[in-house]
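Please go over the structures that come below.
Each of the next two complexes has subunit A plus one more chain, namely subunit B in the first and subunit C in the second.
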Partner chain A sequence: MTTAVLVTILGGGIALMIPVLWAGLGELIEESAGIINVGIEGVMLVGAYVGAQVAQLTSNVVLGLFAGIGIGAACGAILAYLYVYRAVDQLITGLMFTLMALGLTTVLYQKNPAGTALAGFQVWVIPGVSRIPVVGVVFRQTPLAYFAIVAAIAVWYGLRHTWLGLYIRAAGQGAQTTATSGVNVHQVRAVSVIMGCSFIGLGGAALVLTETGGFVADVTNDLGFIALAMVMLAGWNALALIGAAFLFGVSDAMQYAVQNISSLAHVPHDLWLSIPYLATIFVLAITRGRDVPRALGIPFPVSDQRVRIRLGRVTQSIRRRQESGIRAG
Partner chain B sequence: MSGKSHARSLSIVGALAVAAVLAACGGSSTTSGSTNTSIKVSKVAVLFAGVSNNRSFGNSVYDGANAAKQQLSSQGVTVTVVPNLNSPDDYLHQGTSFAKAGYGFELWMFGGAPDQLVAVAKQFPNVTFCELGVMVPPPWPKNVCTLSGEYYDGDFLAGMIGGTISKAHHIATVEGPAFPALTTEAEDFVLGARWVDPHIKVTQLSIPSYVDVAQGQAASNSAIAAGADVLFPAIDQATQGMLLAAQSHPGTYVIPQYYDSHSLAPNVVVTTVLLGIDGMTKSMINLGVKGQISNHDYHFKYAQAGVGKLAPYYNFSSLITPSLQARLSAAEAMLTQGTLTVPFIGTPGQGASYDLSQLPPLPAG
Partner chain C sequence: MLLQPSPGSTVDGSDWLVRVRRGTISSIGSFLLALLLGAVVFLALGANPVSSYQAILSGALGGGGSLGETLNIWTPFVLTGLAALIPFRAGLWNAGGDGQLYAGAVGGILIGLTFTTLPGPLLALVIVLGAAAAGSLWALIPAVLKISTGASEIIVTLLLNFTAVLLADYVITGPWAEGFSATTRQIPSSAQVGSWVPGTNVGVGEVTALICALGVFLLIQRTRFGFALKMFGSNRGAAQLAGLSLARTTLAAFGIGGALAGLSGGILIVSIHHALVTGMSNNYGFIGIAATLLAGLNPLWLLPAAFLFSVLTVGSNNLTATVGIDPSAGLIVEAVFVVLLMALGVLRLRLWQGGTQSL
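So, the complex of A and B:
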C-alpha cells in the first residue's frame, strides 16, 4: 500500500467521520437523558438542507452552519414536545419524523435546489505537524473537524462533571427516582433533546458544507442511523465516540483502497462496510449492554412527574422536619 | 381505548399521512387538455429513479417526459411524472396504484425491477408496462415491453477520449450497485480506453449507493491516489462527489454521464455521455399513447433519439486533438454503418479482459 493510498484512507476516514461524530454527540446527549431519537436521520437531513440553502443565499458558510444548528434546535423542540411531554412511542415517532424530513427536503430540493457547487469550509493546516508523513493529513482538516474533537471532550466533561450533566444522566438512569429527588425530569429531557438536535443539525450542515459540496436528495444516506449505532459502540462515552466514528470513517474509506488490492479484490466490498456494525454487535454482546442508560426509550408520563415531584416535596419536608427535630433534641 | 392513547394513535396516523402526502407530491405533475381520436391511451405514468433536477439520470428522464407532456397536453393526454422511486418495491406499489387509477401505459425508467414488472403486468392485462434496461425471461406477458439503447456506444467513445487524454495511462471507473445495464456503461468505457491504449491501467471501484455524494468522493479520491487521472462514473447523483474529488486534484478529468455536467465543474468535465435517456423517454411515451407498443424489446441504435451522443467539449476542445477527433469521427461512422459493434458487457470486470481482436482495427488518427 503506497503512502498516497494510506493518506487517502486516513484523510477520507476523518472526512467521513466528522458528520457522524457531530450527530453522534447529539444523540449521545439525548440517550444519556433516556431519549432514543430515531429521528436523528431526519434532523440531519433538515440541517443539511437548511445549512446548504442559507450558505448559498448568503454566500457565507458560517451562517449556513448556524442555520443548521438553529433548525436542529427547532426540530429538537418539536421532538421534545412529542417524546417528553406527549410521551409518544419514541421509535415510531422518530421513524415518522425521518420519513417526513426525507419527503419534505426532497420536495424542497426539487423546488429550490440548495447549492450544487457550494464553496465549503476551507482546510486549516496546522504548521509543522501537518508535514509529518501519512499522519500529517490529520492536521489538514476543516475547522469543523477540530471543533468536533473539542466538542466531544466538552460533552464528555459536561456529562460527568457538571450539575446539568448529572441531571441528564440521572434522568436517563431512572426518571422516577430523579423526579422524586425534586428534579424536573421533563425539563431536563427536553433541554437534552433540543441540545442534542442542535448538534445533529450541525452534523447535517457539516456534511454539506465540508463533504458533499451542496445538498442533494437524501444526502445523508443513513449517516444518522450510523451515528445511532456508533453511540452504542462507544458505550455512551463521548471520548470513545471519537474512536467509534473514526473506525467507521476509516473502514468506509478503506473499502476503496482494498478494492485496488488484487489479492483482496474478490472480497465483497460490503464486508468492509459491515465492520463498524459487526464491532457494535460484538461490543454490545460482550458488555451485555452494561452502560446502557436504564431508562432509555422509556417515556415518563406527565402525571407521573407531578406525582413524583409532590412525593419528593413531601419526602424532603419530612426529612427537614426530622432533621430539625434531631437538632432541637 | 383511553382518550390519551386514542389521541396518540391519531397523531401517529396523522404523521403517516403527512409523510405519505409529502412523498407523493415529490414532483408529480399532470397535464390534460382536449381529446384527440388518434390517441388510444389517455393516461400515462412515468416512474423513475432519482429526482427531477439532480443533473443526472433522473433529470434526463424528467426532461424527456416533460417534453412529451407538453407536446401531448393539447391532445387530451395526461402524463404523470413520478420521481424518486429508488427500489423495486416502489415500482410494485406505485405501478399497481397507477394501474388501478386507470392509467393505460406505464413507463418505468429504473432498470432493476423485472420481476415486479411481470407481476404487475399479469395483474393488469389491459395496461401496458415498459421498463428500461431489464432482461425479462420469456414468455413475456402480452402487455410487457422493455427498452434498451446502445447508449453504451457513447461510453465506448468516452473511453476512447479517456484513454487518449490520460497522461498517467491510468483510468478509473466508479460504479454503483451493479446490474447489467449499468455495468455495461463502465465496462464499455474501459473497453473504449483499451481500444486506443491496450496497455492502459484500469482501476474499477464499486460504491454501495447511486446517490451518496460522500461515498462517490471517497471512492474517487482512492482512485486518484492509486494513480488514475481520468475518472468515469456509473453512478447517479453521487457523481457530484467525483467532481469534487477531481477538482481538488488538478490534472484530473471526469467524463460524467446522463446530463451535461459542464456547469457543475467546468474545470474538470471534459464532456458528458448524454446517453439519450430523454429522447428514449419521449419516444416511448409517444408510442404508448398511440397504443403501438407490443411485447418486445425496443432497441435504440446509436444516435437514434440522441442515444450515446457526447456533449460539447467546452473548455477542453484543446484536449481533443485533431488525431483524436479523427478517430472519434471514424468510430462514430463505424457505429452508424454497423462495422463497429460495441458489446453489451453485463459482468463487472469483463471490459478489462475483453479480447480486443474481436473489435475492428483502430482507425488511423
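So, the complex of A and C:
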C-alpha cells in the first residue's frame, strides 16, 4: 500500500464522514431524549435542497449553510409537533416524512434544477501540521470538518455536564419518571427534536456544499439512514460517533481506493459499502441493547404529562412539608 | 415498544394493535385533506390540481394497459404489506419488506440463471419458491438476533434493507451482469410466465397476492399460530404465562412474513422483469407498511388499501406527460395521507410500555 493510497483513504474518509457526523449528532440528541427520528433522511434531503438553492441564489456558501440549518429547524418543528405533542408512532411517521421529502425535493428539483454546480467550501490548510506525511491530509479539510469535531465535543459535553443534557437524557430513559419529578418532558423532547433537526439540515447542506458540489434528486442516497445506524454503532456517545462516522467514511473511500491495491481490487465495492450496516447490526447484537435509551421510540401522550405534572407538584409540596417539618422538629 | 394500551388511553377488549378509530369517515376525511395538501403542491408548481388528479386517475385506471400496470404494482404492495402485517399482529416490527423482496429476487435470479436446463414451468416454480425461501431466511436474521440478543428487530430489519440492496447491486454488476446495463441476464424465455390478460402483464402475480391475503386471513383467524400471534399482540405476559413460546412465534412470524415479501421478488422476476434490475423495489416495502396500517392490520382490507396506494403510485407516472411534474408527486400525497391519519388520531398504534421493552 503506497502512501498515496493511504492519503486517498484517509482524506476521502474524512471528507465523506462530515455530513454523516453532522446529521448523526442531530440524531444523537433526539435519540438521547427518547425520540427516534427515522425522518432524518428526509430532513437531510430538504436541508440539501434548500442549502444548494440558497447558496446558488446568493452565491454565498455560508448563507446556504445557514439556510440548511433554518429549514432543518422548521422540519424539526413539524416533526416535534407530530412526535411529541401528537404522540404518533415515530417509525411510521419518520418513514413517511422521508418519503414525503423525497417526493417534494424531487418534484421541485425537476421543475427548477438550480443549485447543481456550486463552488463549495474552500479548504482550510492548518500551517505546520498539514505538512506531516500521510496524516497531514487531516489538516487540509473544509472548515465544516473542523467545526464538526468541535460540535461533537460540545454535544458530548452538553449531554453529560449541563442541566439541559441531564433533562434530555432523563426524558430518554423514562418519560413518566422524569415528568413525575417535575420536568416538562414534552418541552425537553420538542427542543431536542428541533435542535437535532437543525444539525441534520446542516448535514444535508454540508453534503451538497462540500461533497457532491450540488443537488440532484435523492442526493443523500441513504446517508441519513447511515447516520442513524452510526449513532447506534457509537452507543449514543457523541465522541464515539466521530469514530463511527470515520468508519463509514473510510469504508466508503475504500471502494475507490482499493482499485489501486492489487490484493484487494477483486473485493466487490458493495462489500465495502455494507460494512457500516453490518458493523452496526453486529454491535447491536453483542451489546444486547445495553446502551439503548430506555424510552427510545415510546411516545408520551400529552394527557399523561398533565397528570404527571400534577403528581410532581404534589410530590414536591409533600417533600417541602416534610423538610419544614424536619426543620421544625 | 408497541402493544398494551398506555396508561392514559382506554382499554378495550379487542385485539387490534392498530385501530382505525372513528371508522371510515375520518379516514376518508384524512384522505381528502391529503389530496387538498397535494393540490397546494400542484398549484405551487404551476399545475392545475384538477387536471393533475385527472391525470393520476387516467394514468392508473385508464386504457392502454395502465390498469394492468396498477395491478402489477399492487402485487408487491399486498405481499410486502402482509410481510409487515404478520409480525405486527404479535407486536413485532418488520420494516424490512424491501430487503426481503430484494433477497428473494436475488435468490430467484441465481436459481433462474443456474438451473437453465430445467423445463420452463418447473423452473419458474422453483424460482418463485426459492425466492420465498431466500426472503424467509433474510427475515429470520432479525428474528434470531431478537430472540438471542434482544437486538431491536425494527432497527435490524431497517438496516438489512440497505444491505440487501447492496447484495442485489453486487449480483447485478457482478458475474451475472448483462453487459453494462443495470440488469442481470434474463432467465430462459421458457420460464418467463406470460400474462393471462392480453395487452398487460396481469396474471400469476395478482392471483398469488389474492390467495396469500386470503391464506394469511385464515392463518390468523383459524390456526393455533394465529391465536399465538394475537395473544402476544394483545398481552405478552399473559401469552407467556399460558405457555406460548415467544421465540417460536417470533421465528414463525418473521419466517412467513419474509417468505411472502421474497415471493413478491420472485414474481417480479418470472412475470415482469425476467431479470434482476436496479431499483426493482421502489420503496415497495415502506408503502406496504403504510397500506397495512391503513387496513387496520386486516389482511382482507389490505387488498383495497394497497390498491389505493398503487393507483397513486402508477397514476403519478402520467403527471410528467400531462402537467409536466415529476412522478414523485404521488409519494407526497401518499406520505401526507398516512401522516395525517396518525396525527389526527384516526390511526392509533398501541404501545408497549412495560419495563425495559423499548426499541
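We take it that the second predicted complex is superposed on the first by the 322 of 329 C-alpha atoms of A that agree within 3 Å, B and C clash if a C-alpha of one lies under 4 Å from a C-alpha of the other, contacts with A are read in each partner's own complex, and residues count from 1 in each chain.
The rule is simple: a residue touches a chain if its C-beta (ideal position, glycine included) is under 8 Å from a C-beta of that chain, and two chains touch if they have at least 3 such contacts.
Because the structure is predicted, anything quoted here is derived from the model rather than measured.
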So, after the overlay on subunit A, do subunit B and subunit C clash or fit? They clash
Contacts of A:A4 with subunit B and subunit C, given as first, second, both or neither: first
So, does A:G12 touch the first partner subunit B, the second partner subunit C, both, or neither?
first
Subunit B versus subunit C as contact partner of A:T93, first or second or both or neither:
both
If we overlay the two complexes on their shared chain A, which of subunit B and subunit C does A:N221 touch? Say first, second, both or neither. first
- Touching A:L166, do we find subunit B (first), subunit C (second), both, or neither? neither
On the A-aligned overlay, A:A253 touches which partner chain: subunit B = first, subunit C = second, or both, or neither?
first
*Could you say whether A:Y277 touches subunit B, subunit C, both of them, or neither, answering first, second, both or neither?*
second
Original post:
Just subunit B (first), just subunit C (second), both, or neither: which does A:G213 touch?
Top reply: first
- Scan A:P299 for contacts with subunit B and subunit C and give back first, second, both or neither. second
Superposed model, subunit C vs subunit B, clash-positive stretch out of 41-49, 59-67, 95-103 or 257-265 is 59-67
Subunit A residues contacting subunit B in one complex and subunit C in the other 82, 86, 88-89, 92-93, 96-97, 99-100, 102-104, 106-107, 109-110, 217, 270, 273
In their shared complex, subunit C is touched by residues of subunit A numbered 36, 38, 82, 86, 88-89, 91-93, 95-97, 99-100, 102-104, 106-111, 176, 217, 222, 225, 229, 232, 268, 270-271, 273-274, 277-278, 280-281, 284-286, 288-289, 292-299, 301, 303-304, 307
Touching subunit A in the complex, subunit B uses residues 8, 11-12, 15-16, 18-19, 21-23, 25-27, 50-55, 83-84, 203-209, 211-215, 217-219, 221-226, 237, 240-241, 243-244, 264-265
As the complex stands, subunit A meets subunit B at residues 2, 4-5, 7-9, 11-12, 15-16, 82, 86, 88-89, 92-93, 96-97, 99-100, 102-104, 106-107, 109-110, 113, 116-117, 207, 211-214, 216-219, 221, 223, 252-253, 256-257, 259-260, 269-270, 273
In the complex, subunit C touches subunit A at residues 1, 6-9, 41, 45-46, 93, 95, 145, 148-152, 154-156, 158-160, 162-163, 166-167, 169-170, 173-174, 283, 286-287, 289-290, 293, 324-326, 328-332, 334-336, 338-339, 342-343, 345, 349, 351-353, 356, 358-359
